[in-house]
Structures are given as C-alpha cells and as structure tokens.
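Pasting a structure below so you can have a look.
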Amino acid sequence: MKAYFNHIYQAVSTIMVGMSITVKQMFRKSVTIQYPEQRLQLPERERNRLFVNMEDCIGCDQCAKACPVSCIDIETVKVVPGDIVGKTGTTSQGKKKALHVTNFTIDFAKCCFCQLCVFPCPTECIYMTDVFEYSTYTRKELKYQFSDLTPEQGEQKKKMLAEYNAEQEKKKALAAEEAAKKAAEPKPAENKGETKTESDNTKES
Amino acid sequence: MEITDIYNKLKKVFGDGIGELKTDVPVSPFFFADRSKINAVALFLRDEESLQFDNLSCLSGVDYDKDNLAVVYHLFSYALGHSLIVKCLIPKSDPKIQTVSDVWAAADWHEREAFDLVGMVFEGHPDLRRILLPDDWEGHPLRKDYKVPEFYNGMKVPY
Amino acid sequence: MLSNFGQVLVFMIISIAFIAVAIITAKIVAPRFPSKGKYSTYECGEETVGDTWLRFNFRYYVVALIFIIFDVEIVFLFPWAVVFKSLGVLSFIEMAIFLLILIVGFIYAYAKGDLYWDKPQPVIPKLERQIFKSEE
Amino acid sequence: MEIGLNHYLALGAILFGLGLFAMISRRNAILVLMGIELILNAANINLVAFSRYNGLGVDGQVVSIFVIILAVAEAAIALGIVLNLYNNFATVDIDEANTMKD
Amino acid sequence: MGNILTQWLGDNLLTYILIPVPVLVWVLVFALYAVLGERKVSAWMQNRIGPNRTDKFGLLQTILDVVKLIQKELIIPNRADRLYFRIAPYIVFTATFMGYAILPFSSVYIGVDLNLGLFYFFAITSLSVIGVLMAGWASNNKYSLFGGMRTVAQIVSYEIPTALSALVVVMLAGTLSMQKFAEIQSGGILNWYIFGGPGSVIKIVLIPIMVVSAVILFISTLAETNRTPFDLTEADSELVAGVHIEYSGMMFAMFFLAEYAQMFAVSGVVTTLFLGGWQSPFGDLVPFLNTPVFQVFWFLAKSLFLVFVMMWLRWTLPRVRIDQLMTMCWKFLIPITLVNLFLVGLYIILT
Amino acid sequence: MGILNKLDISVEQFESGNIIITSMDKLLNWSRLSSMWQMFFGLACCAIEMMATSASHYDLDRFGIIPRPSPRHVDIILISGTVTLKMATRIKRLYDEMPAPKYILSMGSCANCGGPYWEHGYHVLKGIDRVIPVDVYVPGCPPRPEALLEGLIKLQDKIRNQSLAKHTA
Amino acid sequence: MSELRTEELTINMGPQHPSTHGVLRLVLTLNGEIVTDVKPVLGYLHRCFEKHCEAMTYPQVVPYTDRMDYLNSMNNELAYVLAAEKLLGIQVPERVEYIRVIMCELQRIASHLVAIGTYGNDAGAFTPFLYCFMDREKVLELFEMVCGARLLYNYIWVGGLSHDITPEFVTKTKEFIKYFRPRIKQINNLLSYNKIFIERTAGIGVLPQDVAVNAGVSGPTLRGSGVKFDLRKDDKYSIYDRFDFDVCVGWGERGVVGDCWNRYIVRAYEMEQSLRIIEQAIDNIPEGDVQSAVPKRVKPVVGESYVRTESPKGELAYYIISDGSLNPYRIKARSPSFCNLSVINQISRGHMIADVVMILGSFDIVLGCIDR
Amino acid sequence: MPITTILFYVLAFIIVVSAVMVVFNKNVIHSAFALFFTLFAISGIYVLLKADFIAITQIMVYVGGILILLIFGVMLTTKITNVELKTKNLNVIPSVIFSLGIVTILIFIIFSTKWNIKQAVENEETITHIGKALLSTYLLPFEIASVVLLVALIGSAMFARKIKD
C-alpha cells in the first residue's frame, strides 16, 4: 500500500519538477540565429570554401598531392622562354613562376574541407575562406576553376610549348648537346627544395 | 603476467600448435598459433586460472602476404589486466580456420566481418554471412588484389 | 421542428460534407504521377516481409472483453447517478450491491492476472560458465 | 405514408431474417455470432417500437437494456467459446469442428 | 433550445443547418491555430522561435500547410483495402465533430442541449475507435495495424475512468445536460465543481475528492486523445507514425484535424464539468463579465488553458509504454475513481 | 482529377496574362515552399548537422520545416550523408513512396558525388543523382547549418519560380 | 493442433526509422508486442574506411578517422594518432598532450550530450533533446574557434596538432564549465529522474557483467553493468594518469545494475568527470610548439601497433600494420559501437518493441563507427 | 413527406443494405465493418422511436464494445484475407428459402394484425424514468444483470486464460 502511494507521489512530483523546468525555459530568450537576416561572426580559422590566389600559385602540385580526396586537379604547362606567367611572372614574394597553370580546379562536391592542402603550399596561396553559401542547382557548378587562363589561352600555351618543343627537337637534331641542356632548364630542381623550407614557415603560421 | 611466461605455458600445453614468439617486431610481441588448434588455444587462454583472457578485444582479418591471410587476435584480461596478441596464418588456397565465437561472444561479428571483407571461412561459426556488404556482393574488398566491380544492381560503382 | 437528435444529425451531415468537400478538392487539385514504387507499402524503406493481416496479440481481445463488461456497468451507472439524489439511501445501497458484485469480478480478473498487459519478460542472458570475476 | 408500428416491426422482421440466414447458412462461427447480434437487434427494435406505440412505455426500453446486456454477456461468452474452439481445432468452421469432435 | 441562432433566425430548417457552422468554423480555426500554437509553445519551451518565415509571427504557417496538403497527391497503396481506407477518415473526424454538438459555448449558444449530453459525448467519441481500427487495418501496414490496435485498447480502457470520474459530477448535479452543468456552477470560482460545486461550507470535504476526480478525468481524456505521454499510437520512435503512416495529403490532414479537434472537445468537457463551463470566475460580482459574449470568452479561455496544459505536458514528458499505460488505468485510475464515487455517494447521503 | 497535372497545359496556353492563374500559382508555390515537411531521415555525419540545424540554434521550424517520419507526409527529403549501394535502393524506394510534389536536397559532399569516398569507396554511391533527381546541391563536409539553410532558401527560390505543377515527380 | 498464439510477425525497423540512430536495420520477430528475436542488419553505411586507408598516407588517414565516429571525431583522431605515433616512436610535447586531453574531454561531453538527448527523444521527450543540442552547440563553438570546423576537425595530427589554441579558447572553456554544471543537473531533473523515464528504462535490457565482458562490450555500456574499468585509468594512455577523476559505474541507483537506466546515467556522471579533467588541465597547459614533433614525411618501419583508447562509446582501438612504405598496409579499427551492438539480440529478447528502442538507444551507437 | 418518414426510409435502407453486406460478404472483417453501419443506423431508428437513452446505449455498448470485440475475435481467429465463404450450395438455398419464408410470414403477420396502438406519452427525460424504473420495478433483474455480467466476465476470462495456456 505504501508503495502504491509512493508510486503516485513520485510520478506527480517528478512530473511537476519537469514541468516547472520547461515553463521556466519558456520565458528565456531564444537562442536562435535567424539565419538569412542574422549571421554569426565566424571565427577567423573558419574552414569553408577554398580559395586559390592564382597570382601567387606556382603550380607546384603540392596541394593536390596532400589532398586525401584528390579533388584538386592541376594541369601545368611549362613556360617557354620569352613568355611570362601572369602579368609579372613572379609571385608577390618575388619568386619566379615557371609553370602556366592552365587548369586548376577544385571540385567542392568532393572536397572534405580537411585543410590538408593548405599547409604544404609553399606560397600560401591556397587558403580557406568563410564562404559557405554556394549551394547550386547543378553539380557541375561546384567544380571551381581557379586558373586565370581561359581554356583557349591554355590551348594556346600548350601549342606554344609544343611548338617550342618541336623547335627544340629540331635544334636537337642539329645540336644534340645544346638541346639537352635547354630542355632540362624549364623544370628546375631547386623548386622542390624550396617547397620544403617554405612549408616549414607555413606550419608555424 | 609477462608475455614470455604466457608463451611458455602455452608452448607446454600445445607444443607444435604454437609458433615461435616474435619479439623483434617493433611495438608489441606476438606469436603464431596453428589455425586448426586455435579454438583449443582460445579456450585454454580463457579458462586457465592464471591467464584468464576473458575479453577478445579485437579480431582482425588481414591479407598478410602473397599466399597467406591472417587472423589477429588481441586479447585482454579484465581480471588480471594483461594482454596478448595471437596470430593465425591461413593459406589463401584454403582459407579456413576454426571459429572462436563459442569462446568469446565478441568474436561472432568480428569473424563475420573478417569473412565479409577478407574472405576467410570460420568453421563452426553459427551464422557466417556477410555483415557489412550486401549478401549478393562479389569478392572480398580487403584483399589486396580486389577489383572494384563495374556495376552493382544496375548502379555504376566507380566514379 | 427538428428534434434534438435531428440537430445532431445535422452536425453529422455537415461534418461528412466538410470532409467530402475537402478530400474531393484535394483530389481535383492534386497532381498524380503514378509510378511503380509509389503504391508499395511503407516499411522503413524495406520490402515488407510476410503478411500484415495476421493474428495479433491476444491481449487486445482481453482488454476489449473486460472493457465491455464495464461499459455496461457505466450504462447502468448513468441513469442511477441522475436519479440518485431524488431516490436517496436505498438506491445507493442497491447500486453499491450492483457495483460490489462487479468489483468482485474485477478483483477476480485482477488477481488472476487478466488485466495485466503482456509485461516484458526479459530473458537475462547468462553464460554457461562464469568467466569473468569482478575485482570487487 | 405515416410511419407506424408496422414499419418498425417489418424492419425488425427483415433484420431478423437476415440474422437467421447468417446463423444457419454461414459456417464461420463469428459470422454466426454476428447473425445472433442482428437477431437481438431486431428484437430490440420491436421492443422499443412497442414501447412507443403500444403503451409499453419505459418498460419496453428497460427490457431492451436487459436485452443489450444479454447480448454483451452472450458475445463475451460465445466469443470465448469460439476462440477456444479455434484453439482446439484450428478452425472457426462449425461443421468442421463438429466432425472433428469424434 | 436556448440557442442564439434560433432566436435570431427563427425556427426553421435553415437555422438548424446554420447552427453547426460556427462550431465547424471554430474547429477549423482552432485546429489551425492549435497546430501553430503547439509549434510555438514547443519552440518557446526549447528556446527557439518557431515558424516565422511566412510572416512575422508565422500566423499564416498552418494555413499554408493546409494549402500545401491540398496539393499533395493522394496515395492509396496497392495492398490497402481501398473502400475502408477511404471511409476511415470520415468516421474519425465525424465522431469527433459530433461530440462538439453538446459543448456549451455560452448560455445561449450550444449546438444542441441534449438532456443526455454527457452520456452522448462519451458514446459518440468512442466511435472514432472504429475509424482508427479501420484505418489501421485497411492500410495493410504492420505499423499501422499495431497503431490501430493500440489506439483501440487505449481508448477503450480509458473510457472507463473517464466516465467514472465524470459521474462524480453527475451525481452531484443530478443531470446529464451539459448546459445545466454549466448553469449550476454559477456564482464564482468557488462554486465550480473542482471546488466541490455550489453548497454550504461542509463541501470543503469534497474538495480533495473533486480535485482528484478532475485530475483523473484530465489524465484519461489525455489518453483518449492520444497525446503524450500516452501517444503510443503514433509514437514516432516505435511505430513511425501509427495509423497515419499510409495516409497522404488531405486524408492525413483529416486525421490531424480530428486529433486537434478532439483535444479541444475533451478540454471543453472537462471545463464544463469541473471548471464552471462558461461561468465567469467572478460570479455575479461583475455582472458585466457574465454576459453571453463574455461567457464564450470564459469557456474558450478555460478550455484553451487546458489545451495548453496538454501541450505543456507533451513537450515535457517522455512517453509511457503500452503495458504501463494499461496498468496505470486498471491499477490506479479505476480503483481511485471507484473510491471517489463511493465517497461522493456517502457525502450526498449524509448531507 | 489532378488539376495540377492539367493546368500545366493551360498555363502554357495563356502564357503571360492570365492573372488568376498566376496569382493562384503564386499562392500554391508559396504554400509549397513555406511548408516543406522533411523526412525524418539521416544517413551519416551530415545528419548530425541536419539535426543541429533543426535544433534550437538554427531552428528549421522557422522555415515551416518539420520532420515527419513517414514518407507519405513529406515534401522534401534531405539526403544527408553518404549513400552506400546497399542504402541506395532503399532511398529510391522511400523516394518513390512520397506523394507528388516532392523535392530532394543533396546535402554534403557524399550525397553530391561520393565526397571523400569517391575514389576508393567500392561500396559508396557516387552521387545520389544517379538514383533520384536532385534539386539543390549543398556543398560542405558537413555543410554548416547555415549552408543547409541557404540551400533550403535556394530550393524555395526554385519552387517560387515554378509554374503550376511543373515539379519534379 | 495449432494454438491461438499470436503469429510471429516479422517487422523491419529501419533503415529509415526515427529511432535507429541512423541507417541501422533491425529485423524484429514479434510475438504480439513481445520481441522474440532481433536481427541487426548492418552495412547501410559501409564506407570502406579500411580500404581507403590503404591508399592514403599516414596523415591523410586522419580526416577519414574523423568520419568514422562522427560524433566523436577528436577521440577517433587521438586513437589513430596514438597508434601511428607508437609505430613511429614519436614523443609529442607536453603542450600537445594537454590540449589533446582537453579537446577529447570536450568531445566526450558533446558526444554524451547527443547520447542523452537522443535517448530522451527515443523515450518520446523531445525537449531534453534540444536542450542537449543547445549545450552541445556551445562545445562546438569552442572547437570551431580552434580549428575552424564544427564536426570533423582533422585537428590532432600525427605528432602534433593542426592549430595551437588561443587564449580566448581558455577563457571560453572556463566559462563553459561554469555554465554547464547546472545544466547537467537540469537535464537530470527533467529527464533522468522523471518517473516515466525511470519506468521506461529501469530493469530493461539487463546486461550482466560476465556476458558483457565476454561479448566485448566496453565503455559506458560496460560500466553500466558495474564493471569499474576505464582505459583512461587502467591503461593510462596519453597523460590521463595526471588527472584526478572517478570512474563512474552504474550501481543500481534506480532499477538494477546493467539495465538501460544505469547505462544511461553513467554518461550523465561522466560528463561531470570530464568537466573535472578539463578544469585540472586547462590551468596547467605548458608552453610549447604544437607542431614541433610533426614529421615531414611519415614513413614508419615495418611493424604493427595496437592502441586502445577510451572513447565516449567505449574501447576504441586502431590496429595498424605497416610494411615500411608511405601508406599503411592495413588499418583495422576496433569500433566500440560494433561490439556493443552485438549483444542487442541477447538482451532484448522478451522485451517489447518500445523497449528495444530504449535498449538500442542505451548503447549510444553511431553507425559510421559500426559500418566504417 | 414528413422528415421522419424520409429518415426512417433512409435508415431502414442503410440497415438492410449493410446487414445484407454483413451476411453475404466474403471477407469476415468486411462483414464486421459493415455491421458498424447497421448498428449505427439502428441507433438512429431508436432515436426516431424517441428512445434516446437506448439509442446512445446502443452506440456505446454495441458499436463501442461488442463490435470491437467481434472485430478482435475475427482478427484473432483467422488469416483474414483467406477467409472465404466456404458454403456449399446445398446449404445456401434451403436457408435462403427458409429465412425468406419466415420473413414473409412475419411481415404478413405484422401487417395483418391490428396492433393496439397507443401513442405513448412523449417524455423528454427518459433517463430519469429508466433510472427510477431500474431501481424500483426492475430491481431484481437489475441486480441479476450484475450477476450475469459477473458470470460473463469470469467465464470469458476463464476461457481467455484457457486459450492463453
């Protein structure tokens, strides 16, 4: 009998406690962020859409290698002598750019926003922004092209290289030794060495 | 109990069923057990008063090398607080091994998973079906030579 | 003109008419795109296994059974409660006897466990052999 | 035509006939039960009709309440029997159950 | 009949057809805004805002919901029983709506003042059981069938404590007419039946009994309307959506409507029985507050408060299990109401 | 039966001009876009963000979106997470069971195209659009709640500009 | 002769079901409302984690471990990273260890909040669910501040961390601790000690100790059965031995030891303990560089390592075999949910449908972790 | 035609049609659902007969109680979809003839008898009269009814238990 009334007492009292909590909450201010009108101040480390500053990109492919998802697609074309990359041919830090980046796409439909691509970049030109509002109606639009060269220009550069190569071939036929030297020049080994030292700097930041 | 003591004890009971103790491998020592004796070994490990491996922490199927698969047992004893690694080699030509699911209930699903992904057959397992992949899936994906199928159920698999 | 229950009938007709109108409007307006899967039975996205119209839990029957007895009792209680004040003690005793007899039945059914819904009868798993010994 | 006692009685009769038919022709025991319910309802209609038109007054209604009670008791018990029958013979077919007895 | 419409429009058929219309309109308006209210109340309790994108306060939200539901395809699954699948929503809603006929909105407006009012209400609302059973069975879906069965068992068994605890008031009032219940409780808050009804000082002994009765009546009506903590029939975490699973578009809306309509109906009954119906709490102290228009206000206010309590409970409590539900009914509610009944009987005899 | 089916034609006939139909159109579209009931359905990590979106901080209810468990009651299905081959058939089935004006929002990289699993995921469906038509793709892994809301607003825009009955179904 | 037994009814619960916590499918065999058999069907979220790892380099695996148990990324990362570090023989700086502990404990709170919230939701109470999510949002804010992501962080790296913490983080964390203590009490009042909730969970799904151990159950589920075992105390990985905290076990305060309520309440207690650990750690973070030990090129020797950690769900272990190349040869994740779930059939027989929901909820499973 | 006449015919029509459905339907559960309409319409007939208390009792007990019991009984005993009317021709025709015969005879008798028609006093408050009658004139049957119910309860509970074991 005692248990019987104890049951009732417990039920009633705990329900009362619960109800008092909910009713108290009713008069608190709501925590809702009313999104389109009201936005959160996002922290500066926010990891959302990537951005590549093509001014600085040297086309070293480090980011693409670091990406676990392989969603970065880089296609580079060697610079033929006499041509320069972009306007100045150097990065903002004054490093010489030796590759035309004809195609630099990041497929944000695949990207997992892990930020692994950001750290190895020697020129700190790929970074994450706080832009997250870029949903689309078609999936193709999610593939972002960062290269500042249009496809035609890219074709042109390729052609230039092919012509240049052909020229070289010709020269090679003429003077084998000289040609070999020249062909080696456009991909300097120092680039790789630089990457390492650069990446140390990036990690500290 | 130290691993060598455990090993010696086992060696005494099972003799040839236990391979040599490998301690040179970085990280943790282990030994091989014979795949046809593993059930008895497991039961011994569990029930022997001084061992009391009451918990099978993990059971992993591995595509070990060119012609062998392996099952790795990570054992732990709640009662005595020591752990042990036992491995069993299984030739790929005849991927059969005794089950330990009657010794540790935990092995039940792990063995199904190993069967599913690596493709060894646990003899005596009560319900050896695929567990993660659909029943009509072909192949065992964690084998090194696994080829991703082109189509499954009319859906294209590769990107 | 209309009796009271006539009014109730009007209520009924109006409500049926309302639903009919609502559903028919929906029928007229709503699009229809029949497709093969659309008319399949929902079961969390899986194919239904077995027949739905099966014999079901016996408990439901017993509840209905006991309810119906009490239902009748309530039917008697209502006229009694209405006239109770004017009839006084005697009717109270009469009703008390009536109720008592039924309560006997209630207690009987209760004691025999007929009123218990199927309680969970948990099967606590056991190992054949005690393996693990707790430290404490 | 003004609705009178006859109409109600005729309705009762038809209902009774249908119930009777269900009772004798259907072999599903539960349908037989439904037939019985129909018959009891027919009887009730008659009772209430008489109470209204034949001066039975409130008595007819009270009696019909008792009929309803009987119907309840009957339904409860009969269903119990039917279910038992089903339990033992795995059928609600009356004839089948009959033959199975021996 | 004491109905305001009969006075205005005279005693002809049109009047009678018009009487239910305000009630229907009220049911619709109530259902629309109760759904919204529920969403808002839950939002506030959870520190949210609730619908506010349609307009500033989301007032159009549920209306748009309905417009959308009209556009939804009506699906009748292949395996369903087509006839009864269609009929079920009619029965469920009609049964509920017919219950509204006896709700006394004010001293001059009531659908129909049956002298068997309360009894009628219990009988007619229990009809919806058949509709639910039909829906559950005809959907030919296991979850639906389970939901239907559970609803039936639940409603059917809670009908007993509902009726028994209402009987306490019937005994004291000696009538079943809803209008009379309300009339008897005139004269201020102390004469409400929850405080023992009109009477001399001795009625103090009645107060605990009446409070318990009122609470039990409220709990069991809660169970009859399938609200949390007793919403086993559409318990999403077990039965997905119970009997409604296979219903889409407008047919589903009808079930939804019926559920909310029933919420108000039972609140109205509890109000009439225990909270003085349309009586003003100040009695005749402020006669102005007891005019018919204000009566409507009081009635609605009290009923809506009960509806709010229902929502409040819903957003606070977890749901009980079916066997606990049944045990609660048989083991707690029915014995207590029987004792109450006996005590009130004794009280009446002794005074 | 199915006026919305047929009006499709009449809209084209009257082209620009029939005010009743256009305002009707507006109302219907408005109602559809502001009461998108969502299927109570989550797949993987994105589902957690979806839940976070419907929780107090972001409150999907503001948009009139409430979760309903049964596909018969819902208008929109948020594919929130990795779709595996085993699950794809089930999703297709659930999608089929939804009544006509229905929308799909693909949330997160996985649903868009297999996401991080597109390369080696032998058991991952590379994009839900291989099975059912998608209305809006929300990128992110997982998308922030705001991103999901933005996707929903995009979807609302899409519905707003629909003509009567020309929905994906 | 056939009996008037209810016919056995097979009913699918899931993959799309509000209370299966994702895409799990339970095939229930029912006798009336009583469950006679539960067959979990897994694999609806099998994302080929282990195959993926074989194609990744060691640092690249980290994002995938995040996605395994997505409610609990930090602990997953930690477990994997510890295993990899053991293989590589890396000793990380003190500061890193401290930050890792703080992060993992915050993550534990977040994870338990989801567990408790969804458990309330399973029981039919929606409001506690949202309260829990509100508090979880606060934790996520902290994470977002440090590493920029809300759910999948890729924060703990092999040999270090991706970012250092900021002073703001420290103050905010302290604020959070202050804010959160009373909230635990509130949740307990609202849900844990509610009579209906106790009725629903106490005595349901009793899992005796020895069965639990034999079935490989771990974490709060094991402690709910009264086994006082916590890898943080008993295995002392990372620097957990420096902190003073209690191992919470269910002792049958309500119901019996090993039932759903005890499993549930262990989580509520553990949040309190996590707060204690954070409190002790947050004031003592030594100075240092968080990336000083990050290797340029992660290329371990041939070998293997197995590290067990205590994740909020239970014993989470990674088994890494290296063949000396850049990519791991084989990674096996021993996921706690996988082992915990495997006892569901044993302990839910004879219960009702509603109880199965509660039992499932009390394991706090995450499908990403089960199916991998 | 006065409204009551129309109502009577409508109700009679519903009753007869649904009763026919009850009797002839192949699916027992359809019969049970059809019985719902029969019983409901019969309560309408009671209303026409000015027996409101009986009408409501009819709804409450028959529709809300017995019908549910019957439906549950059907659901318990059969695989509902498979229940076919397994009647041999032999059985149907004689019973049709027999029932029809009885109905004709009854109707003939009904219409040929001169019933002693007395218009009863219209009393609005049937319930008080019934209540009083129950507690005075019909006291004995009233108390016996409780015994009957008790017996029914115990008996059916016993049956139920027998089935369960």
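A, B, C, D, E, F, G and H are the chain letters, set down in written order, and residue numbers restart from 1 in every chain.
As a working rule, a residue touches a chain if its C-beta (ideal position, glycine included) is under 8 Å from a C-beta of that chain, and two chains touch if they have at least 3 such contacts.
Computed from a predicted model, the values in this text were never measured in an experiment.
Separation of chain B from chain G in touch steps, taking the shortest path, is 1. Looking at E-F alongside A-E, one finds more C-beta pairs in contact between the chains of E-F. With chains reduced to the mean position of their C-alpha atoms, the one farthest from chain C is A.
Chain H has its Cα centroid 29 Å from the Cα centroid of chain E. Mean C-alpha positions place chain A and chain G at a centre distance of 31 Å.
With centres taken as mean Cα positions, chain B sits 42 Å from chain A. Shared contact sites, meaning residues of chain A that touch two or more other chains, fall at 7, 15, 18, 21-22, 25, 30-32, 34, 68, 112-113. The multi-chain contact residues of chain B, meaning those touching 2 or more other chains, are 54-55, 78, 132-134, 141, 146. Shared interface positions of chain C, i.e. residues touching 2 or more other chains, are given as 2, 4-6, 27, 29-33, 38, 40, 42-46, 48, 53-61, 64-69, 71-72, 74-75, 78, 82-83, 95, 99, 106, 118, 120, 131-132, 135. Listing the residues of chain C that touch chain E in their complex gives 1-2, 4-8, 10-12, 14-16, 18-20, 22-23, 25-27, 29-33, 38-44, 48, 52-53, 56-57, 59-60, 63-64, 66-67, 70-71, 74, 77-78, 81-86, 88-89, 92, 95-96, 99, 103, 106, 110, 115-120. Chain A contributes residues 7-8, 15, 18-19, 21-23, 25-26, 28-32, 34 to its touches with chain E in the complex. Taken together, the chain C residues at the contact with chain H in this complex read 2-6, 9, 51, 53-56, 58, 60-62, 64-69, 71-76, 78-80, 82-83, 87, 90-91, 94-95, 97-99, 101-102, 104-106, 108-109, 112, 114. Against chain B, in their complex, chain G makes its touches with residues 42-43, 46, 48, 50-51, 86-87, 89, 210-211, 213-216, 227, 229, 234, 301-306, 308, 315, 317, 319, 321, 330, 332, 334, 338-339, 342-343, 346, 371-372.
For chain A in complex with chain G, the residues that touch the partner chain are 7, 10-11, 14-15, 17-18, 21-22, 25, 31, 42-43, 45-47, 66, 68, 112-116, 119, 128, 196, 203-204.
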